[in-house]
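Presented sequentially are two complexes of subunit A, the first with subunit B as partner and the second with subunit C.
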Partner chain A sequence: MKEIIRRIASSIVLIIVVSFVTFFMLMLIPGDAVEISLGTEATPERVTELRAALGMDAPWYTQYMSWFTHALAGDFGVSFTYGENVTTLLLSRLPVTLSLMLMAIVIAVPLALTIGVIAALKQNKTFDIIARTLMQMGDAMPQFWIALIFLVYIAAQIEIFPISGFTPFSESVYGGVMSLFLPAVVLAFGMIATLIRIVRSSMLHSLKQDYMLMTRVSGVHPVRAIIKYPLRDALIAPLTVIGIQISGLISGVIVVESIFSLPGVGRLLFSAVLKRDLFLILGLVSFIVTSVIIITLITDILYILLNKKMRRNES
Partner chain B sequence: MRKYLLILSIVLLLIPSTLGLVSLFYTPYPITQMDLGNRFSGMSTEHLLGTDQFGRDILSRLMVASRYALLLGTVSVTLGLFIGSLIGIISALSKKWISMIFLRFIDGMLAFPGIVLAMMFVVVFGDGIYSTLVAIAIFMIPIFARLTYSLIKEQQHALYIVAAKSIGLSTTRIVWRHYLPVILPRLVTQFSASIGSAILIESALSYLGLGVVPPNASFGLMLKEAQSFMLSYPYLILPSGILLVITVLGLNLMGDTLNDRLMKLGDTND
Partner chain C sequence: MKTKIGVLFITLMFALVLSACGNGSDEAKELLNENKNTEAKDGLKIAISVDPDGLDPHRTTASSTFVITNNIYDTLVKVTKDGEIEPSLAASYEQSEDGKTLTFNLREDVQFHDGTALTAKDVAYSFERIKDELGPRKDNYAYITEVNVIDDYTIEFKAESPSASFISDFAYPWAAIVKDGADETLKKDPVGTGPYKLVNWTPQDKIVLEGVDHYNEGQIQNVEFKMMPDSTAQVTSFKKGDIHLIETTGDVVDTLGDATIIEIDNNSVQLMAMNLENDYLSNKKLRQAINMAVDKEELINAVWWGYGKQIGSHYPPVLKGYVDTTGTYPYDVKKAKALVEESGAKGITLNMKLPSDYPNYVAAGQIIAEKLEAIGIHVKIETIEWGTWLTDVYGNRDYDLTVVGHTGRIEGYDLLEKYNSTRSDNYFNYKNTEIDDLLSSIKVELDEERRMDMYEQVQTILAEEVPALYIQEPTRIYGISDDLEGFSAYPIDVFELKDLKFKE
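And now, the complex of A and B:
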């Protein structure tokens, strides 16, 4: 319990530190954000006026405090380029990104578990060697290249997958799933190698433990013994890495959304970066990094709880 | 099996490094030389790997791209290694509250997804080779800092460190003569594994148009340019993609085999 409270406290500190670093880095931006946003209409009077209106004439720490207190209340300011509230923009894009990530996880985890478990049971046999080769290849292939290959050799050949764009689920569930399927497979491809590696090594580790020898001595059926101990550990193993994976998954989402022109958070951030839309970048980056911290925190806590339960069961 | 993997990784790595080295003094054609009458030509004796959408020689562009990828990867990871391990050493050996500040800072940086961090960097410092390099280096710093920190903490209570302290050696001397030799192999392993991921980040950035910019050549940039023509001329996405995979695969395999060797060395020492 103490450990959990300590984790929560340090995550809160982390979120504050990160928001501060992000804010400070974007303050370093060359040129004036206000001038950029006004573009050709930037007369000195207009610049001063807008700057005062946005509270940007205040010293930076006042600006940070005011931005941070607003952000806590869920208000990330207004985007220059869209003329809309950053929170509204974010909420309208979030469902696409979340369903994409969820689909990728749903594809990757069961597949990785199956391959990882079989590879461990057949260590150094043909299946294991093929799985390991595929893992190495998966690690070495950039996701955007896999996406391009998929587009050219699958989407362009088979009509059921659209080449780009997104059909909202409210319009057609089938269309929505189909438009997200290929991007989700690309994302799953990016995370599957690490997952297989972890499942496989967890299985190998448990299989070598003394209690496995014990089950054989006491005449437990091998299949039953494997289901009872190593498999259970292997099922938990992916959980421990989702915290680490989530950050890589988000990197992948940004790239994949741009390739498949999906209207998600990643593409919003990408276009914000291209247009130097300061408040939008600030809001999105803070949101993404805070989510990463919170997800890592949750997986950490789950891991602690599971570990405790397992230890209790064993004793 | 292990021996073959090492040989395989060397063979794979020889391809991009030879291409990159030769490109320093010779490329079949200048990389920006266009030949609009000869666009999308396939493999021929004139253009060994064919030409792209502007009639530029693909082989020449690949040679320069290999050079940039290897150079950017190595230099940025080296920067990350030095700064990161310095931060790691300082935070492991200093007072508790100083190390707390450093550790929170490292955790904060680790929470940024690689592409997001790099994107912010590009916003602040503009695109181009140098900011790509710095962005990747910054991404690598917390990774090496964490590794160095935990390696030193592992060794802190080892007998030889306690002995060195008890005879009154200075901290600097202990770091140089006692900690570094022990942790260096692990850092080197991480170094070779990180170059692969650095190259992948560089290619993703260039692909998004935020890294190496035209008229320069880079794997990611070539793929970005190929994308507009890929449905009518899919061949364009193959040469640069395959060479990129070969490069990263070679580096990863090299890191893995080094790691295995190291583990074996550690076992025999016990």
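And now, the complex of A and C:
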């Protein structure tokens, strides 16, 4: 329990540090929202005047403090580009991205488990070699490329997959699933290779343990023995990397959402950066960091709990 | 253990369902609408690649905004396809003898989308707003010193000096008329008098418009702009029939099959600017050499698939008063080499900053760089993001060469004024008193013939002095599905939804 409180406290500090670093970096890189909105119509006088009018001429630490105090009160400001509350924008995008990521996980995890387990049991046999080759290929293919291939050769040819856009689940569950299926598969591609590798190696590791020899000596049926010990390790193995995978997913989400024209958080962040929409970037980054931290925290806690249970079982 | 995993999955699925229930009801309504649309041959779908920069016409310079707001708001006068001015919200207008006063008589039958009637007060407020500190075009309207409401339907504008672009300044989409008292919420809740009103805007997803009763009523009731950042997705959807109208590029034109392809002279100018602050580039001979080293036709073919018109100065062929100066420095590598030799610039290195957000400019820059290597000038290319480009090149003038485009205007003066040596947007660092004098005369010359004459002089001087390598006036290419007709584009980068209709 003490450990958990300590983790939560350090997470909060981390979130503040990240928001600060983000803010500082945005101040350092050239170009700001004013210059971008004025474009080639900008004259230096106009830029200075508009900055002053928007309160962007204040020193950066004043601006940061003002943002930070508002953020503490739950007010993340108004997006310069959209004239809309950052929170409203984020909440309207979240369903798309969350569903997309969950769907990717739902596709990737069971598939990775099956392939990983079989590959480990048939180590160095044909299945294992094919699985390993596929893993290499999966790693090598960039996601934007797979996404484009899917778009041109699957979405364009098969009527049931829309080329672009998102159908909310409240409108049609079928439509929603179909509009996210291809993008989710692309995302799943990006994480599946790592997952398979982890499942496979954890299986192999357990299979070689002395207790496996014991089960054979004591006459336990091999299938039963495998289900009871190595498979368990293999099942929780993905859990340890899922936190890392999710932060990886976020970068994939930006690409996939752009290609499939999905109105999600990734694309929102991408365009916010291009337009230097300060409050929107800060809001989104803080949110993403917070979620990654929370997910890691949850996986860690789950892991501890599962481990405890296992230890109890063994004793 | 298994149950734990099971619980985890159920929780995940639950979160999925919950998160999906966010914005239910109006989406459902839309779906109903869509079903209705298909029966009456309605429901126009247009692909756009960039989100508008808010829907407030007075707070941005982004053409992605004007493509939409042009249909939501009206302006006092309008520009026709041929660049002539015609009445719009103003039923008529007159300019005083001395050219310093413009009086508009407003139509009396105009309503905003919320039902309030349009009066001169709204017009006065709109220009107050355009000219305030948050208005990006403030400087363009600074010469208007007085706005007087005469009565409910008459309004008068006074300028400090006669101006050639006085009337055309009221035709641009950024001179749109908004409601008296409208504030910064226009960015997301636009209220105008135009033929279409906003139904909803889901940023990065779609913008839904609906026709209203209007003196310029559109034929199509329901219009949806679909945001599709990826051009492959746009073309694929267009071919599949999900989208009726896309703006496209020369390379895919042949693959669009039955679609109508419309090519429109874009009224803008693309060029490679040179910084005359650089000692070598301040030498005209080197600039001439650079101009002779590049075969513009080849360049346009390579980068824009041949869609574009060569230019010889900062003036697009479609604009009134254009003279053909493309022959001033014909492609001649031998001569170019000799000129480089003469100017003592052989073996120098110039930096070229290219905006990565515009892949065409980057490609053009790379080709030009190769050509310059061939005449003995080294080019160090640096590709930078648009925001950085604006600061470095446009703001600080810290560059030698760059490739960029300038948006079109109805009056040539607005394009050319940046060559005035005192202008802060003269990023070429170009100084020529003759040009300065000509520009100040053009600005106040109301006689069209004499003005055109001076435009000709400016063009000839620029073509001779070449502070830039003038490349082309680009061609915009639109793909239109074969059941749609009436499309036309205007010389200010927009098209009007009201022109479009489905074939019977």
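Heads up, the rule we're going with is that the second predicted complex is superposed on the first by the 279 of 315 C-alpha atoms of A that agree within 3 Å, B and C clash if a C-alpha of one lies under 4 Å from a C-alpha of the other, contacts with A are read in each partner's own complex, and residues count from 1 in each chain.
Methods note: contacts are C-beta pairs under 8 Å (C-beta built on N, C-alpha and C of every residue); 3 or more make two chains touch, one makes a residue touch a chain.
Remember, predicted model here, so these are calculated numbers, not experimental data.
Taking subunit B and subunit C in turn and counting the residues of subunit A each one touches, the greater count comes from C.
Legend: residue contacts after superposition of the two complexes on their common chain; A:Leu306 is shown touching subunit C, with no touch to subunit B.
With both structures placed on the common chain, the touch criterion links A:Ala156 to subunit B and to subunit C.
In the superposition on chain A, A:Thr296 contacts subunit B only, with no contact to subunit C. In the superposition on chain A, A:Arg276 makes contact with both subunit B and subunit C. In the superposition on chain A, A:Leu98 makes contact with subunit C only, not with subunit B.
By the document's definition of touching, of the two partners only subunit B reaches A:Leu14; subunit C does not.
Contacts of A:Pro168 after superposition: subunit C is touched, whereas subunit B is not reached.
Contacts of A:Ser258 after superposition on the shared chain: both subunit B and subunit C are touched.
Judged by the touch definition given at the top, the superposed model places A:Ala140 against subunit B, while subunit C stays out of reach. Touching of subunit A by both subunit B and subunit C, each in its own complex, is seen for residues 29-30, 148, 151-152, 156, 258-259, 274, 276. Residue ranges on subunit C touching subunit A, taken from their complex, read 1-2, 4-5, 8-9, 12-13, 15-17, 19-24, 27-28, 31, 51, 53-54, 56, 59-62, 133-134, 136-139, 184-188, 202-206, 226-230, 232-233, 236-237, 239-240, 242, 357, 385-392, 394-395, 404, 406-407, 423-425. The part of subunit A that touches subunit C in the complex is made up of residues 29-32, 35-47, 49-50, 52-54, 81-84, 89, 91-95, 98-99, 102-103, 105-106, 148, 151-152, 155-156, 162-166, 168-171, 176, 232, 235-236, 258-261, 263, 267-268, 271, 274-276, 302, 305-306, 309-310.
On the side of subunit B, the complex with subunit A involves touching residues 104-105, 107-116, 119-126, 196, 200, 203-204, 207-210, 220, 223, 226-227, 230-231, 234, 237, 241, 244-245, 248-249, 252-253. By the touch rule above, subunit A contacts subunit B in their complex via residues 10, 13-14, 17-18, 21-22, 25-26, 28-30, 136-137, 139-145, 148-149, 151-153, 156, 247-248, 250-251, 254-255, 258-259, 269-270, 273-274, 276, 281, 285, 288-289, 292-293, 296.
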